[in-house]
Amino acid sequence: MSSSTVNWFRYSSPASFFPLAGKLVPWFAAAAALLSVLGLWLGLVVAPTDAQQGDTYRIIFIHVPAAWMSMFIYLVMAFWSALALMFNTRLSAMMVQALAPTGALFTFIALVSGSLWGRPAWGTYWAWDARMTSELILLFLYFGYLALHAAIADSRRADRASAVLVLVGVVNVPIIYFSVKWWNTLHQGATVSLTAAPRMAAVMLTAMLIMSLAAWFYAIAVTLLRVQAVILEREGRAAWALNLAGAE
Amino acid sequence: MLVAEDLAAQRGNALLFEGVQFSLRPGAAMFVSGPNGSGKTTLLRTAAGLTRALRGRLFWDGSAVDPFASILRAVTLFIGHPTALKDELTAEENLASLVSLHGAPAEAESLAAALTEWSLARQRRLPARALSQGQRRRVALARLRLLTRPLWILDEPLTALDAAGVAALRGVVGEHLAGGGMALIATHQEFAPVGGTSQSLRLQ
Amino acid sequence: MNEATLRAAPLANDSAWGGVSWAVARDLKLALRSRAELGVQLLFYVIVVTLFPLGIGPDPATLRTLGPGVLWVAALLASLLALPRLFAADFADGTLEQIALSPYPLPALVSGKIVAHWLATGAPLVALSPLLALQFGLDGGEIGVLVTGLLLGTPTLSLLGAIGAALTLGVRGSGALLALLILPLYVPILIFGAGAVESLRAGLVPGAQLSILAAGLLAAIVGAPLACAAAVHIALD
């Protein structure tokens, strides 16, 4: 057990994490590519046409994984933010900074795909239903993080301030979701879930899970790449980085 | 006793200073000097516990202290470069406010006495916006008399002070040192307080 | 005074209540001396509310439907406008450093500032809202629910907004940035506040929504000063 503790802390400095990240990226990228090919084949080709929605429902294989990832990434950001504030570690804050753009991207994809789904299914691109509205507010939370981090010149202060913001946000996300859901029922009467997925055949569920896994691995690969860029941006003049550049 | 070990600080990505260490014992004053931008204010703010140093540690009476540690706040009187006066309050109200902020009672007689000592008797009831820079500095320094703290950290206290003001400060600091207090003072010009021992630290 | 006396000097008063009362007293005194600034912020509320009928048309039925939402949104925006005055002046003149170094606990001092801030900016807004609600044709019962909601909600707006104000201290473009950071957090308060009036109109008792607002206020009273104190420490770093 003690050797694994030593290993853990060895990678907690940006200098030692940098090469590790570099080694991991190709594996996750390849896994993501393979899984998405499999998932899309299952979802677009194998899964049967739905009786009510025809083939347009197939966009859930993009929409649902994207929505799940948008929420999950925010939680992961909150985890790293808590670490950054408690232990004052630079790498934790860099992880938050690396995750945010991907989280925002998934949120955006979820919104666009949900909107595209809504059009053929219900005749309108945006119908203010609970999930989509909450997703939109989540996008604002991501933008808020990115804007705050970019606006503060001193990187250490930017890290800590945006970490506090993420933690305040993560506490509020369930409250926001609950309130929007209530708002929706108040104004629409019966709960009409705008983007109700068709009754799930087993192959549809499998396809969705595989696509979610693909999205997760993609997110990991891209985040590791981005954290390398962040590390270089902050510590590019340090001895270890110059050595690395010189050796290549 | 305040001890600093191997302090380093940076602003943005540039290193301001590193390897700074000192011990400040009761009865001693340390004068920190250096060119503009050398990190005097940063060093003083680190010693006051307002900011965390990049490296190194700070110790009070043997125990390590983190920024904003309650023990450090209880023993320190920090007077920074901005005077912390509100334009809308009078000199007397400003002084009362700053003194009661640090937990001491703000009685009218002691406030009046402190202001008189700093030649501000006639300006007592004037709003701070009507005071000159030198007068504002004196109001800020007037609380040295009214708060009892072992450690004084003063950042450029001589700014805008005339000769009489400098003399008054020398006297106040000297009495503080004679009573067993210590002072960490950033200044361009060294001023010898009356009594106590002096050390200097020069930042490059 | 010798060394023994210096050491034996009583440790300064450091109770939480002392911190709250210091901050409330000082900030209220300062607010009273800058009444013009506060008047302007109140006028902003009135102007924003007046813009809606001008943009939508004076049809009484439409205005009645929109009234609660409009009044709440305007309250959110007016609240947002007033937030920077909580910390910006103290940050600029060095007082915030002194506050952070005080023996009083910082969350207590911050709470006091927020209380004073609400008394100076939120309470007048709540007091004015019945008059503005009449312009939208709300009846007595609806006005009662609206005012109760605002009374419970505007302090929460101040508490949450204070966190944003502390995080954006000294930052370029902080006004718009503050709006981006805080408005998503304001959404639940808006929903339950305006929704309470809607509930009343639908024939229900708005007790649930008002209770939720009250619970939110309690949670904010406990959590916001701590988050705000952390943000102030970060801003002073």
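Each chain gets a letter, A, B and C, in the order it is written, and its residues are counted from 1.
Just so it is clear, a residue touches a chain if its C-beta (ideal position, glycine included) is under 8 Å from a C-beta of that chain, and two chains touch if they have at least 3 such contacts.
Model, not experiment: these values are computed from the prediction.
Enquirer: Indicate, using Cα centroids, the chain positioned nearest the centre of all protein chains shown.
Expert: C
Enquirer: Name the two chains that are joined by the greatest number of C-beta pairs in contact.
Expert: B-C
Enquirer: Can you work out the whole-Å distance between the CA centroids of chain A and chain B?
Expert: From the centre of chain A to the centre of chain B is 48 Å.
Enquirer: As a quick test, compute the distance in whole Å between the mean CA positions of chain B and chain C.
Expert: 34
Enquirer: List the centre-to-centre spacing of chain A and chain C in whole Å, with centres computed as mean CA coordinates.
Expert: Computed from C-alpha means, the inter-chain centre distance equals 32 Å.
Enquirer: Would you give the residues of chain C that are in contact with at least 2 other chains, written as numbers and ranges?
Expert: Expected reply: 237.
Enquirer: Find every residue in chain B that makes contact with two or more other chains and list them.
Expert: Residues 52 of chain B each touch two or more of the other chains.
Enquirer: Note the residues in chain A that touch 2 or more other chains, in rising order.
Expert: Chain A, residues with two or more chain partners: not present.
Enquirer: Would you mind writing out the residues of chain C in touch with chain B in their complex?
Expert: Touching chain B: residues 1-7, 9, 11-14, 18, 22, 26, 29-30, 33-34, 89, 92-95, 97-104, 106, 233, 236-237 of chain C.
Enquirer: Sort out for me which residues of chain A touch chain C in the complex.
Expert: 85, 137, 140-141, 143-144, 147-148, 151-152, 156-157, 160-161, 164-165, 167-169, 171-172, 175-176, 178-180, 182-183, 186-187
Enquirer: In their complex, what parts of chain C are in touch with chain A?
Expert: 163, 167-168, 171-174, 177, 180-181, 183-185, 187-188, 191-192, 195, 198-199, 202, 216, 223, 227, 230-231, 234-235, 237
Enquirer: Show me the residue ranges of chain B that touch chain C in the complex, using the header's touch definition.
Expert: It is residues 26-27, 48-52, 67-68, 70, 73-74, 76, 78, 80-86, 88-89, 93, 97-98, 100-104, 147-150, 175, 179-181 of chain B that touch chain C.
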